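Each of the next two complexes has subunit A plus one other chain: subunit B in the first, subunit C in the second.
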Partner chain A sequence: MNKLAEWQLTLPLALAFAAIFLAPLLMLVGVSFFSDDKITQPGFAQWVKFYGDPFSYKVIADTMLLGVKTVCATILVGYPLALVYLDAPPRLQKVLIFVIVMPLLLSVVVRTFAWIVVLGREGVVNQLLLSLGIISEPLRLLQTELGLVISLTQIEMPLMLLPLISVMSRLDPNLRDASAALGASRWRTLFTVIVPLSMPGLVAGCLLVFASSTTAFISQTVIGGVRLIYLPLLIWQQSLVVFNWPFAAVVSIALLISVLTVVSALSWLGRRSGGYVHG
Partner chain B sequence: MQSTPAARTLDVEDLTVRYGQALAVDGVTLAIEPGEVVALLGPSGCGKTTLLRVIAGFVRQAAGRVRVDGATIDHLPANQRNIGIVFQNYALFPHMTVAENVAYGLRARGARGPEVQARVSRFLDVVQLGGFRERLPRQLSGGQQQRVALARALAVEPSILLLDEPFAALDRNLRLDMQIEVKRLQRTLGLTTILVTHDQDEAMSVADRIAVMNKGQVEQFDTPVAIYDRPQTLFVNGFIGTTNLMNGKVAALRNGTATVALDAGASLSLAAPTGIGVGAAVLISVRPEQLALSSVPGPNAWKIEPGLSLPIGAQLVHEARTADGASLKIVEPRRAAAADAARIYCTLAADARPTLFPRST
Partner chain C sequence: MGRRHSLGDLSYGLVIGTLAALALLIIVAPVVIVLSTSFTEGRSLKFPPTGFSLQWYEALFDPSKSRQIHRAVLNSLEVAAWSTAFGVLFGSLAALGLARSRNRLARVADGFFMSPLVLPGLTFGLAALMYFTLIGFRPSLNLIIAGHMIVTVPFILRTTAASLSQLDPALNDSSQSLGASWLYTLRRVTLPLIAPGIFAGAFLAFMASIDNVPVSLFLSTARTDMLPIRMWGMMESTLDPRIAAVSGVLITAAFLLMLVMEWTVGLTRRMRE
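Moving on, here comes the complex of A and B:
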């Protein structure tokens, strides 16, 4: 078989990718360069409208900040959980993996509505805090960023835990013993050996959680309500309520570029820290 | 190296380790002298690594004690025991350079600055890796990685050195070099050392004493020569070197000497172990080099049916079969071997010291 024939074998898949991913993207970009919502007059009016409005920058910043906060929260909760998993005996590990993966088997809609029950005025959290006497009147958690970050932390947790656990469980267990035998405390071992070596998993988890939480339209709108405005909500309003597709296209491109920027920065960091895992 | 800290004794007393229900180490007792190299020798899965891991503090024993210089260390966590260990897979920190790996233990003990660098350089020179400071472990060969692991363990001046099959992954020539190297370092530093191995030649050449382990127990703890010449159990006998086993019966006992009637048809006078009476069924174990071929029949010679003869190095190995069906290996120097087809009798060589074991019938 000659060289030409070999690359020709990739053609069907390449064409499928082009049709499924590239074409819609090009159409999106094309649509954004029309000035009216009937898509008849080419022009930059929608771009000027979006980027000329300070409100747009606030929404972009809020969306990115939501992603950053969710990533931080999933790290704070997920990293210790991954360590617990690593230390657990094999049988407990099987149970833990099931508990970790289970949320993925449930629809995001179901998980999101469960959080409404948990976070509502009469919800589990408020009931508990009230009965313990920690607060005197119900906390407002729904339609706040705090409530949204709490729910997203749980909803996105598998995306953080799975890459972390997969990288950590491939680490040579002797490394921890070697560190201890050389006189290092558990904390020193954690920060000088385990954390640096689990970086690739951590970065992959951050990537997934960031990309997923900044675009989590359902959770953002159901828990955040319409008072908290993020880019996905803006896109939805413009495309399906106002039917201004060119403007929606401009917002979509803004979301795409902001997420891509953060994600490429993270994966660049990940590549720098990668490569050590297999020695 | 100028500093030679006083060598420590290491006592393992009645140590038992369980993984769930399974016994991994079963009542092991070892008294190790200061500066001694002890090899733990045994088949895979007999508990050698587990024993090391208990001494290092990674695994807790179900029963028994470990003492260094008489003081128990069982309550100490691994990071306070000051016991150096080199792992079978070296376990170098893959994200740190060679120098950082060696400095790791020093930094963990709070040492800083030029003092650390000086010690790192010194120990890298000791293992002849001075020029590799800035390499990452994956940029080194197996032997070099092993020397880094050794330098890393030695740099903190441990009181005891534990080596878990450190040479297993090296090729033959390198293995010999490293064995000599380790032995030299251990001598200079006067370090009490335990070397785990499943290679009997390695145990024989490096260790002062060998503990032969089987199924979690120490079957014999003795010098290499004693283990080779006077195995205490059938397991040790079979595990160390090559040996021939022949069936026989004790015909007479006098002054600790047993006259044994071989099933193969000869009568031998041998040193009798305690607890063997007249009429007892026994196994006679003889090393191949302690047997000789002869063309002369006699009361101490038994008839054999010669098989293949293979030259192996400077030696000639003969295979043979006895009248009662046992197969024998007989080794003689190649030059001494006369090509004499009439040599159909086998005898004990002049200096032969066969071992008797009771045989259950």
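Moving on, here comes the complex of A and C:
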């Protein structure tokens, strides 16, 4: 079979993507340039309405900040866990990887629900603190950003740990031994040897966690409630509650652009750090 | 000098150990807590649960009381099966087509096919809703299958392409120089060798479809309800305790699935590589 014919094997998928991926996205952009929610009058009114309102910028900033906070929290506890995994004997490694991977097979909705039971008024955290006498009445943890970030940390953790562990396991163990033999403390070895070498995994993890937490509609609405407004909630309200499709289209383009900007900045960083390590 | 080091090493062990233990606690505790509250005797989901009963599981498995949930489970399974089947067909064909092209167009096409992974799912979900509605389709499972196929096919494409890149081109050439037709070579040489890659991708795609929220949120209706959306409804206004039983079933399923995958294909070993 010649080259041309082999290339044709991509045609079915290419046609499917053109018809049910590219065409819908182009239509989304088209719909955003209609001024009324009946989609009859072309115009820029919805763009002006969204970008002329200071509230929109607050929602965009809050959404991006939520992603950044989740990324920081997953690094803070996830990176040490990856280090422990690296030093663990093979048998323990097997158990750890099982524990880390299993949440991935568990529905995001179940993981979200688990945090309602943990953080609720009658939840585990409140019961524990009350019985220890640390607090006298239940704390409000649900419908706060703190509660949401804690929950997202668990929900997104596997996405940080898997790329980290896969990069770290390929590190030459001799490098750490050499660093120790030359007199570096473990902290110094961590920050001057392990962290720079694991940068590609760290960046990949940040990228996945950021993209996933900023668009985690169910976790955001169920744990964050309706008072914490992020872009996904706004898109849902405008499209399925208010039925203002052009405005929803404008908001979802804002989500698309802000997520893709951060993701491409991160992957550019990742390529640079990768070059630094190998070059 | 030596003393300062041991003190530094002690603090290293303490800080890293504590944070790692916290990570494990955060990962494991919620799952254990949900599982134990699902057996509560009470009418609400408190922890520690009062007594032991299977009342919420009985309510969940009752065909008349939980008809909507059963419907949603069946819909989710049907959509996952069909979208994975189409994904395997289109995705592995495309991977074969792209495997040996090194030109610009092939790289662009590859990036295009992988883009649903980074694109916010909600944006595509909303776009699909507008598109299907405006060109006159009525909501149906078929549309959800089409949407899921788009967002899950990258998994199949990636794992299949990875196995193809490890394939020795000499196998292909020798088969053809011995007179085998292209199709015969594909069937007897290439496919058996890349089958594990296709299977791994199909598994990931199936799981991603079962768990998909952004596409189902926009394309499903009361008649074409999907499990994650139904569960979201059960948590939104008043908490329906049957959701603890649904979670218990799904946790058990995930656990068993992990064990099976570990024994058959060595899932954790593959994920580390």
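Brief remarks follow.
Methods note: the second predicted complex is superposed on the first by the 254 of 279 C-alpha atoms of A that agree within 3 Å, B and C clash if a C-alpha of one lies under 4 Å from a C-alpha of the other, contacts with A are read in each partner's own complex, and residues count from 1 in each chain.
Keep in mind that, in the parts below, a contact is a pair of C-beta atoms (placed from the backbone, for glycine too) under 8 Å apart; a residue touches a chain by one contact, two chains touch by 3 or more.
Remember, predicted model here, so these are calculated numbers, not experimental data.
In the superposition on chain A, contact of A:P196 is made with subunit B only, not with subunit C.
Residue by residue along subunit A, subunit B and subunit C are tallied for touches, and C comes out ahead. When the shared chain is aligned, subunit B and subunit C each come close enough to touch A:S185.
Looking at the shared chain after the overlay, A:L129 reaches neither subunit B nor subunit C. Of the two partner chains placed by superposition, A:L269 touches none, neither subunit B nor subunit C. Contact with subunit C, but none with subunit B, is seen for A:A248 once the two complexes are overlaid on the shared chain. Residue contacts after overlaying the shared chain place A:D177 against subunit B, while subunit C stays out of touching range. Looking at the shared chain after the overlay, A:L139 reaches neither subunit B nor subunit C. In the superposed model, A:R111 lies in contact with subunit C only, and not with subunit B.
Shared interface residues of subunit A, touching subunit B in one complex and subunit C in the other, are 183, 185. Subunit A meets subunit B in the complex at residues 172, 174-175, 177-185, 188, 192-193, 196-197, 276-279.
Partner subunit A is touched in their complex by these residues of subunit B: 53, 56-58, 77-85, 87, 89, 91-95, 104-105, 108-109, 136-138, 152-153, 156. For subunit C in complex with subunit A, the touching residues are 1, 4-5, 8-9, 11-13, 15-17, 19-20, 22-24, 26-31, 33-34, 37, 44-48, 89-91, 93-94, 96-98, 100-101, 106, 109, 112-113, 116, 118-124, 126-132, 134, 146-147, 149-150, 153, 157, 182, 207, 210-211, 213-214, 217-218, 227-228, 231-232, 235-236, 239, 243-244, 246-247, 250-251, 254-255, 257-258, 262, 267-268, 271-273. For subunit A in complex with subunit C, the residues that touch the partner chain are 1, 3, 6-14, 16-17, 20-21, 23-25, 27-28, 31, 39, 76-81, 83-84, 94, 97-118, 120, 122-124, 127, 150, 153-154, 157, 162, 165-166, 169, 183, 185-187, 190, 211, 214-215, 217-218, 221-222, 232, 235-236, 239-240, 245, 248-249, 252-253, 255-256, 259-260, 263.
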